[in-house]
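After this come two complexes, each holding chain A, first together with chain B and then together with chain C.
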Partner chain A sequence: MAPWLSSGLIYASGLALTAGSITLLYIVTRTFNFAVASMATIGFYVVYTGVTLFGGLPYQYYPFAIIIGSITGIICYYGLNRRLLNRKAAEITLMMSTLGYDLVLLSLIQMYADYLTYTFKLFPRRVTMSLFDFEIFGERAAAFILPLIAIAFLTILHFFLTKTKFGISMRATIENPTLAGTSGINSDRVYLVSWVISGGMAALGGSFMAMAMTGTPVMGMYTIPLMFAGAILGGLGNIYGGILGGMVIGLTEYAGVYILAKNFGPWILGYRMGIPLFIMAATLLIFPRGLSGIPLGKIIKKRFGQKRGANV
Partner chain B sequence: MLTVNNLNSGYGKLQVLYDLNINVPEKELTVVVGPNGAGKTTLLCSIMNIANVFSGEVLFDGEPLAGVVTHRLAQKGISYVPQMGNVFAELTVLDNLHMAGYMLSKSEVKDKSEQMTEIFPVLKDFIHRLAGTLSGGERRMLAIAMGLMKNPKLMLLDELSTDLAPIIAEKVMMEVSRMRDDLGITILMVEQMAKRALEIGDTAYLLVSGEVRYSGQADDLLHEPELCSMYLGIKQSSKINGGFELSVSDEGSENS
Partner chain C sequence: MITKESSGEKFKGFIASRIVFVLAVIIALLAFLYFSRGISIILSILIQVTIFSIITMSLNLETGYTGIPQFGRVAAVIAGAFAVGAIPGRIMAAFMGLPAGAEYASDTVNFRLVPQINALLASSWLISLGFLVMCLVLAALAGALIGWLISRPAIRLKEAYLGISLLAFGDFLMWVGHNWSIIVGGSTPVNVPDPFRIFGADRFNVIVPVFFVIAILIFIYMNKLTQSPFGRNLRMLRDNDLSANAAGLNIVKVRTQSLVIGAAIAAIGGGLYVIYTGSVAAIGLTRLTFTFWPWAYMMLGGIGSNIGVFMGVFLLTILRTMIIIFRSTWFGFLLQVGIDPLWLEYTLLGAVIIIVILFLPHGLVPEKVAPMLPANRVKKVMAQRQ
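Our next item is the complex of A and B:
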């Protein structure tokens, strides 16, 4: 496997989860969650704490990252979002409140990094998590395991949203909150669960991304433009679109850097973030509603129909 | 069953209803008619606590509804069928019915869903289709079925006949009438198709600019020529036995 593909798959899996987290929260609560940056970083630090203090592989600490991420989501919902939603706050107010929450979380992460440094003599401010990984067939195991975990997570999420009563009620609330309320669906509970899922996805995504990049207290702040780029590329109206958008942004960043650096030299690495953003802008110029707005079904049907016609 | 006392309500700071008093007797069909912008939908939204209630009270079985969140109202037995957005377009017909029966147990939901497809056979054919792909009339039937799924004591129906072909609208009206007669459900119906609604209704209120201009027997309102022609677009052609024979012109569409 090419090195860029291996790292790209790991990174893109993480970015897909964080972009999906942003999209889910936006379609349910109209909130652009800037705190996803620190939630992702928290996910990384939970895994880092586990492997450095208790040993073992990073993978075994992912459930803890999801739990802690979900708790940060619950705190944000009850502390800020719920109050503002009840007061019918504007989208900009909802968004700015999450930015404030992100700054609080960032401060706590910095304090926690200092705590790890002074108490346990660790170096938590520049962490290479891939050192804790193992190899499969001469490749980093994360390149196989993390995309599989991401797919499993998304399959469970899909099953939850389409087959369970509460999942369907979430989709109903997303589509028509008033009608859902008159049907007896408690929208408050739906919003809370969306924060729980979203927080868990962000933290898991962050812990994935740290396997492909240097883990720092500000890694979330550094990558948040790409998380939003993934969500916007996905179309913001569809959680699967957001996940696909994150995957595309993550892979194109690594593939783009590899191709351009090979042809133009390593100086291009300084502009690596511009590559996926350029691809996002170009895609939105062609498909303004994002990836989820592409009528794939119609295109396939058209193609299939034409082929059948040609055979006849 | 439902009493509205001196209700003042609206949206944001905009007041739409002024000192409204309405009484909905048990197992009766109460009709609220009036021209566009009279505040008919706002009345239902105020009962459901979707609109802002500035003052006054709404009592359901003697219990005030102020501050009760919308999903709790559904649990109390109030079923609201809105004029627009009354089905979940991106869910299947079956999922719509299941969501409407959200508060019921699994077996109850199954039984009620089957019952609904018996009452509205048209839904049976489309049970696994997305509700967004149904025609206007089919959607309206689904919306009523969703309202009935909750085993309601009181149904609030908002302009069910809007945008429907006359024959389909008549069918919908027949269903409403049947719900009262056969199922004994108390109904508060807001309707633009005034003549037909007044014919099947028991009590009627005429709402104009957020105020009640008439309250009484539904039939009697049809014999108020001035109100009928001015606000409901119903014109009378000749007098019969001191009353009026009604020739309807464009009623149910635009009211002047």
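Our next item is the complex of A and C:
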């Protein structure tokens, strides 16, 4: 595997999870979650703490990252989001409230980094997580394991949403909250579960991304535009669209930088953030509702299928 | 009719009492700081207040009055800062026969050039004044250009999409400045010629009133603008864009105008900030300082209220400064476990946003929708018509 492909796969699976987390929360609660930035960083620090203090591989600490991320989600729901949803606050207000929560979390992360430095004499402000990785077939193991974990996570999520009773009631709430409420679905619980899942996804995604990039306390803060770009590219209407969008954004960033730097020289590396943003802007101009807005079914039917309905 | 009028009177009285109360708190805190730390801390607070109130007022025009979720305020600030960092110094250098091309921004040349320009500026107050005006005009032009550029794709998008695109654009501009060393030196900061050098040791004491006057002028301009028919259009667009469109308002045009004016004013704020600090480092113009802090100021002060914005900036700047100067005395317990109390600034920022949203949704000074003409004059006009 080319080095850009292995790093790109790791990074893209992380971005896919975080973008999926943003999309899931947006379609359920209409909240654009800024706090994903800090939740991702928290996930990374949970894994870092485990690896440096207790040893072992990063992968065995992922469950803890998911749990801590879910807890931050629960706190945000009960402390903030629930009251605003009850008040029927505007979309921008919901967005700003998560921004405030994100900044509080960011300050706690910074303090935690200080604490780690002082008490355990670690260097948590510039971390290369891939040092703790091992190799398979001469490649970094993360390039195989992380996409697999991401796929497994998404499969479980898919079965949860389509096969379990609660998942179906969750989808019903997404489709039509009022109707779901009248048919006896507890929307409060649906919102809570969506915060739990998206918190866990964000933390897991952050710990993935740290395997491909330098882990810092402001890691999430620098990558949040890309997470949002992934979610927006996916169209914000469909959780699988968000995941696909994150994957596309992550892979094109690595592939694009690799190709451009090869042809134009290394100065292009500094502008790497421009590539995914350009892709997002271009896609939005052609498909204003993102990737999931592409009428793929219609196109296929038009080309290969028969016309439905009374063809008189 | 009577009840409506009296409730309006009551609302006015309520706002006035709020303003007086907040002002009293601000003055008390300032007095406390003055007696414990001296005048210099007051001056540094005032300078931050002027710069950030300009930036926040421009944010208020776009978000509070027009309803655009401007999460990319930093883009216009960066445009102003880059314009002041890159262009006026080059013009002066070319004028004096010094190197003014790409090499102006390289750190080995720049640190020798700027003192020569400063020496010329210090020799005549006319040149200094002209330089300051040139800086501000260039900053406003650059900001307007960026605002127009942003408005092109932004017009098509809606609420959250728009906010995120603006945020991404602001970040991207910062990285461009950080990597493209021709503009402002890339990763090494570029010095800005100092139009206040002529005052020597009194530089700081002069900057504060000058900036304050500029801020007051912009405040008056904003008040006039938002009370004018244009301001009415903006509010109409914010409250219901469909009905505004149905009433014959050209939504795209009004939005573009609001974005361009707001960006030009924010760029003036960015230019003043750069003149005050004396150097431009692209990496220092962060989203946190120039987008999120202004948002917090605006939300605390009251969205859609210019005087409220001013109070919000004042109050929060004082609190920020207090965290910085009392960090070892008040937060010594954090230092004992190795935590830098400066991070509490972020906590304050986040907590203010959360508390305002939960308990004070309209801010300290809520928006007051005043009629364009005073009520007695409206009555007179009506009487004349009949």
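Following the convention adopted for this analysis, the second predicted complex is superposed on the first by the 299 of 312 C-alpha atoms of A that agree within 3 Å, B and C clash if a C-alpha of one lies under 4 Å from a C-alpha of the other, contacts with A are read in each partner's own complex, and residues count from 1 in each chain.
Assume contacts are C-beta pairs under 8 Å (C-beta built on N, C-alpha and C of every residue); 3 or more make two chains touch, one makes a residue touch a chain.
For clarity, every value in this text was computed on a predicted model and none was experimentally measured.
K.L.:
Quick one: is A:104 in contact with chain B, with chain C, with both, or with neither? Answer first, second, both or neither.
P.N.:
Once the two structures are laid over each other on A, A:104 reaches chain C alone.
K.L.:
More chain A residues touched by chain B or by chain C?
P.N.:
C
K.L.:
Using the touch definition from the top, say if A:171 reaches chain B (first), chain C (second), both or neither.
P.N.:
First partner only.
K.L.:
What is the contact status of A:180 with respect to chain B (first) and chain C (second): first, second, both, or neither?
P.N.:
first
K.L.:
Looking at the overlay, what does A:117 touch: chain B (first), chain C (second), both, or neither?
P.N.:
The second partner, chain C, only.
K.L.:
Should A:142 be classified as contacting the first partner (chain B), the second (chain C), both, or neither?
P.N.:
neither
K.L.:
Across the two complexes, what residues of chain A are contacted by chain B and by chain C?
P.N.:
Correct list for chain A: none, the interfaces share no residue.
K.L.:
In their complex, what parts of chain B are in touch with chain A?
P.N.:
Touching chain A: residues 48, 50, 69-71, 73-75, 79-80, 82, 85-91, 95, 98-100, 102-103, 146, 150 of chain B.
K.L.:
Considering only the defined contacts, which chain A positions touch chain C in the complex?
P.N.:
For chain A paired with chain C, touching residues are 26, 32, 80, 83-84, 89, 91-93, 95-97, 99-108, 110-111, 114-115, 117-119, 221, 225, 228-229, 232, 236, 267, 270-271, 273-274, 277, 280-281, 284-285, 288.
K.L.:
Taking the complex as given, what residues does chain C use to touch chain A?
P.N.:
69, 153, 156-157, 159-161, 163-165, 167-169, 171-172, 175-176, 178-180, 287-288, 292, 295, 299, 334, 337-340, 343-347, 349-354, 357-358, 361
K.L.:
Which part of chain A faces chain B closely enough to touch in the complex?
P.N.:
By the definition above, chain A touches chain B via 165, 168-169, 171-172, 175-176, 178-188.
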